[in-house]
Structures are given as structure tokens and as C-alpha cells.
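Next up, some structures in C-alpha cells.
Same chain, two partners: chain A is paired with chain B first, then with chain C.
Showing the complex of A and B:
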């Protein structure tokens, strides 16, 4: 399943990889669809007893603060509530926002692994 | 029960901690992103090579990039707070600009005259959009300074005008030269029939005819110099020698209350070109100055110096704009009444004159322009009413040795002969005059007014002729084409081309097997000299 906007795409492969790509600079209310999407992903992962959820951000070149809030609250914090689930975030060293912000996600979830390439 | 309550409390406390952390993450990300974008904006605004201005809803400038500061002459501190409307030469245009922006949400290519802080006005095109900047609704405006573009457009229009006039002039010159050839020819033939004692009065009248024709010839020569498109063989020469010669000549010819002074600051400068043309150019400029000083007398300075044209100096009124480099600059400056701003851009136009009817042809400065252009040079004018006038003429300096600096000794051998000549010209009167000239000189002439017919005659009797003389512009087949065809039949036949138009390139003439050319109008002496030169050269071979 996936969700697409003008400059971005969010997709889940049903097995454990959630990919976000493009540029996400929407306003808060526009993130509601993505929040619903994340809710479904967490439900699926939870029901399938998946042990690792991969969040692939390597092709997401820009994310505004509303997007950060959405990922933090609707994905990372919710994933933290799922027992035994590890969240692995794939990032790119060349994207400044990922270098600066993604490591702070660890403040929200203990079982979180960040991989930069 | 207590355990459940504790669990819920613990979960809530955890969630609160997470939310606080998330808030911190978002705020941190937001701050960093904002800083990064601000820096990007600053880099972009300082890098773009055009002025960029942001004004608030009240029209006050809240941001101006470095280019805007340079263009308008404000310091960064002075710029902030300036009313955007004060940058407009006409405040009504500011209102119109805002109305356009309000109606269309963006403005593209809005033409306007803008004012710098010190007062000068310049043409510009504005490109604007409404933006949200530093927490308020603003207007972003990019200013495209059109000063240079408009100067180039003007230069292009001037070039096109000159090209058009050149084409027209060369057409007129061609027809006039044919007419003058006939006038010279028959005047000379008539003169030869008159007795110097008995027909003195008739001879005198004929002399007036020839003098008027000579004046007309000189005018046509000037017109042709102006629109000359092909180059004569250029040679290296000392430009100071030419300038000195003209100043001396003009000083001798000019009345004593006009003081002509020469100031040669750099003597050893070689220029590649035609010395006679430079001579004419300086003569024309001094003549104009003399005319400007004719009421009250005055001073004319002719300065020759080396000039290094830098980028900065290129901004003057230069036609066309020069490439930076080393030039020989001839300045002809007078302290006369000067040239009004209204006409200064027309002075190089052919037939433009401020002199009374009959006193000026309007070709003087047009010829100056043509000569300078033909030497890859440039000209600039400094003048204003009551300020005198200075013409600066720039010629590229050549460093090579003066290998060809010897004077051009053009000796005309007047010669007679008994050879057989095939003569082709589509103008019956020119043909008639030339035939008579040639017969008087002793030649046997077969004349023909059609090029195809001339070719047929030659084809039938190729060995009957020692020389072919042909006009260039003829219907059916041009003189150059006729020459090529004739050379196919007899490659050794010498051919002379006569032309009333501009000189063709020497290489083209050689390709067609043409040994020499005679420029119309010409007289019997000129024609005889060229014919003998060609025929005698052939015999030497």
C-alpha cells in the first residue's frame, strides 16, 4: 500500500519496510492522511508479530517540522508501544536534515537502530 | 487494581516524556531548517547578478541584496526603510505596478524608469511576486537594469540603418559613375575637337562641365568610401606622419583666427590600413571644426596618443563599443558651439548636416564612420551645447615592422597602342565614349552592348583579340562570369574589368582571370595607363 502527494511518496511493502521518498513540506492538517497510513502500518506489523520495521528515508530529501512531528508521534512513539518491535531507520549522510535530526529519534524509542550510508 | 493504576500512570508519564522529547526534536529541526533556508536565501540573493528588493505591505524596503545596494547607491543601513516608491522616477508608475501585481499576483517585465540615490535615472524591467518574508506579507522584486540592453539595441538599429543606407548608396554610386563616365568621356572628346584659340569660350564652358563632374566624382567617392564593404590591400604606416601632414595642410588653408595645433604624444605607432583614408578622415573632422568656428574663430587641437581602452572607458558614446586593447587615438577637439544632445546620435548618419543648403553634403562624418569601421576602429564623441566638441578616433595599433611603409607611388603611364580590343558594356553611352577613347589611342575596337554577344564574338575569333575590357554589372552575364567563360576559351587573354560599384575582392578577380580593374568614372588618361600596364606586362611574360 502507498500514499502519494505532489512531491512525495510513502509506501509499505506489507512485509516490514516502510519507505518515504521525495520532498515533504505539507501543512499540519495535510499530514492527517500520512498519520492514518502510519496507524495502519503499525496495526499490520503488530498483528503479524513482525520483529523489525524498517523506515527507509534515504530518498526523502526534505522534511519540514510538521513531518518530523508526524514521524515522531505517529510512527516512532507508536512503534515503541509494540512489544518486541525494533525500528531500523535507513538514512543518507549527504542529507543534512537526516544527519541533524534522525539521531534524536533515539530519545523516543529505546529499540531503535539508525543506519547511515 | 493499584498495579493497573500504576501501570497506566507509568505509561502516561512515559508518553508525556516522549511528547516533550518529540516537541524538542521538532523545535530543534524547525530551527535548524529555518536557519539553513535563511542561509540559502542569503547565498542566492548575494549570488544572483541582479538587484533584488523585498518591500513590506506598506512599501518599505525590508531587504535589498548587494547588487541592489550597488545599483541604487544605498548602503545596507540606508536601504532598509527606504520607501520603494522613491526608487521610481514617476511615482504614478509605482501605483500602476502595485495594481498590476494585485490583479495578476505576479509582474513580469514591467518597464519603468528607476532613480538612483544620487539622482540619475535608468531604464529597468521589474519581475515581482508576493511572498511571505520574515513573518509578514511582502513583495519580492527583481530589477533588470536595461541600460546596456537599450544601448545595444540602439547600436543594432544604428548598424542596420547604416547597412540599409550603404546598400542604397552603393546602388546610387553605380548609376552615377556610369553617368559621370559618359560626361567625362564626351567632354574630353568634345574638348579634343575644339581649337584652343578659336573655341576658347566653348572650351571654358566645357571646363565648367568637367569641374562640376569632378565635384560629383568626389562626392560619389565619399559615398563609396562610406559603404565600402570589401577591403583594399592594407599596409602598415606611421599614423603620426599622416596626422602631421593633414594638420599642416589644413593650417595653411584655414584663416588665421582659427588656430589649428597638433600634439603628437606618441610618434611610433603603426596602423594597418589605407593612409589616404586616414588622411581623408582627419581632414573631414578638421573641416567640420573649422566650420563650427567660422563665426567667431577659435582653437582646434589634433592630439595623437596611445590609448589603452579599459572596461571603464568603454562606457562613453562609442560607435561601436570597442574591445579592450591598445589603440592609436586621434582626438580632434574644438572650442566651438558644440553639438546638442538632440542631434548627437544622428551626426554619423549619411546626409545628416547642420550646414546651410549647398554647403554640406552630410557625408563628412558618415565617411569618418565608414573609414573607422573599415579599419576595425571606434569613434566616440564628447560634446554638449556651448562645450565645444571632441571626436576620439581609435585605431588598433600593430606592433609589426613597417615592411610596406613606402609611399604608394601610383604612376599612370599614358599610352597608346595598336592592339585589338573586345569591349563589352551594357550602357550604350559608356560604350560609345570608351570606344572613341580607345580608337583615339590607336586601338582597334570591337564593341558590344551584350555580354552573351561578346562571348559569342570571342568564341568565333579567339585569336583576333589582344585584350578584353568588360563592364561588371550587365544583364544575362556579369563581367566576372564573362571573364571566366572567355578564359576557358583562351586562358592567356588579358582582361580588364570596369566597374561603377564597389571594388570586388582581389582574390575573386584573380579567380576570374581579371588582370586589372578600372573604377568608374575614369578618364582617357586612366584608361590608357591601365591598358598599357596590362598589355606590356603580358609581353614581359
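Showing the complex of A and C:
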């Protein structure tokens, strides 16, 4: 399943990898759709007893604060509520926003791993 | 005659007092002349354009960072202007940039409803008063999660996101009888230590 906007794409492979790519600075209504999408992903991994969810941000070159909030509240903090689930976030060292922002996700979830390449 | 009052928050530098700068530019968006969706897209394009162009004028080793930070700062500040603009009248969002030897100054000026000003002032003073921006980020995310459970949307993350990028913020609020002119200043350091 996936959501596609003018400049971005969010997709879930159904097995445990959620990928976000492009540039995301959407209007509020679009973020509501992405929140719903994240909720479905969490439901799926929870029902399947998945132990690791991968969030691949390596091709997401820009994200505004509303997008950061959406990821934090509707994905990271929800994943934290799922027993035994580890969230692995894949990032790029060359993307400044990821270097400066993604490490703060650690404050919101104990079982979270960040991998920079 | 209505009473006018000016409030300054943080280390606000009046643009009129900037005597020495290497470059400057002004971008004006006449907000009600285009619909909200196109205005939003214009905001993204404008912010990215400013990041692309202005980063060419800083030292090459700082170019990538300034491009990203300026893009992000402009997106957040112009977004706020679009979201909280004074809807009862035609209004203009002005973005002024000044490049100095040690910092890049970004002013975003817009007109907003006066009733929004107490919230803005509280939020601004909270951000400037914190000595742990990461802790404030965590607190705001918890509040956003609680608000979401009640079907509300709340974050106030835009300013926090800017400060987390090592950018200083300041404000000037000029209160009129119904509306207020809000000037938000973002100071992006270019010195070796900070940039």
C-alpha cells in the first residue's frame, strides 16, 4: 500500500519496511491521510507480531515540522506502545535535516535504532 | 483612535538598523490573490529557491548546510504566515533576507488576527526561555499525542525545529485594533564555530 503526493511517496511493503521519499511539506489535510496510513501499518505489524519495523528515510530529502510531528506522534510513539517491536530508522549522513532531527526520535521510543550511511 | 502597542521578544534587530550587509533580497506573496493550495505550493517553491540561491553566496564548505537550513527556516515561517494570516483582508507576506559577514538574517512579516497574539507570545517566550530544546521537543510531542487522542491537532513544533538547527529566533509584534503585524526574525550563524 502507498500514498503518493506531488513531490513525495510513502509506501509499505507489507512485510516490515516503510519507505518515505521525495520532499514532504504538505498541507494539514494530507498529513491526516499519512497519519491514517501509519495507523494501518502499526495495526498490521502488531497483528503479525512483527519484531522489527524498518523506516527507510534515505530518499526523503526534505521534511517540514508538521511531517516530523506526524512521524513522531503517529508512528514512533505508536510503535513504542507495541510490545516487543523494534523500530529501525535508515538515514543518510548527507541529509542535514536527518542528522539534526532524527536522533531526537530516540527520546520518544526506547527500542529504536538509527542507522546512518 | 485605536491604541497601538509594540512588543519585542528575544534579540530582535530592526531591519532599518542593518547598515552593513553584503546582499539583500525581498520576496512578496500577495496572499489572497491565489488560492490556499497554490499559495502552499508557492511557499515550498519560494523557500527552496531561496535556499538554493542564497547558499551560493556563503563559503563552499557551508553551502549544503545553509541551503538546507534556509529552506527549512523559510518553509516554517512562511507556512505560519499562510496558516495564521489575517483572513479578513487582502494581505502580503514579505520575506526579507540580509547576508552579513557573520550571519544570515531572515525576516518574515505578515498580518495576523490580534486574538492569536497571546498564544504566539507564550510560545515564543517558552522557546527562548528553555535551556534544553530537546526536552521541550519531547514535551511537545507528548502534548501532540494527547491532543490527537482528543481529536485535536497541536504541536507548535515549527519554531522548535528552527531552534534545533542552531538558529536564533526573535519577534516584533505591532498590535493594532483588530490585527497585528508580526515580524519573525531568524538569525542563521555563518561563523566557523556555529555554522
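The working rule: the second predicted complex is superposed on the first by the 117 of 117 C-alpha atoms of A that agree within 3 Å, B and C clash if a C-alpha of one lies under 4 Å from a C-alpha of the other, contacts with A are read in each partner's own complex, and residues count from 1 in each chain.
Here is the rule we go by: a residue touches a chain if its C-beta (ideal position, glycine included) is under 8 Å from a C-beta of that chain, and two chains touch if they have at least 3 such contacts.
Bear in mind that the values here come from a model prediction, so they are computed numbers and not experimental data.
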> Once the shared chain is lined up, is A:80 touching chain B (first), chain C (second), both, or neither of them?
Replying inline: first
>> According to the stated criteria, A:100 is in contact with first (chain B), second (chain C), both, or neither; which is it?
In response: both
>> Once chain A of both complexes is superposed, is A:23 in touch with chain B (first), chain C (second), both, or neither?
In response: second
>> In this superposition, which partner touches a larger number of chain A residues, chain B or chain C?
In response: C
> Where on chain A do chain B and chain C both make contact?
Replying inline: 64-65, 68-69, 72-73, 77, 96-97, 100-101, 104, 107-108
>> For the complex, give me every residue of chain A touching chain C.
In response: 6-7, 23, 25, 27-28, 35, 62, 64-66, 68-69, 72-74, 77, 94-97, 100-101, 104, 107-108
> Considering the complex alone, what residue numbers of chain C touch chain A?
Replying inline: 36-37, 40-41, 43-44, 47-48, 64-65, 68-69, 71-72, 75-76, 79, 134, 137-138, 141, 144-145, 148, 153, 155, 157-158, 160-161, 164-165
> In their complex, what parts of chain B are in touch with chain A?
Replying inline: 15, 18-19, 21-22, 24-30, 32-33, 36
>> With touch defined as at the start, can you tell me which chain A residues reach chain B in the complex?
In response: 63-65, 68-69, 72-73, 77, 80, 96-97, 100-101, 104-105, 107-108
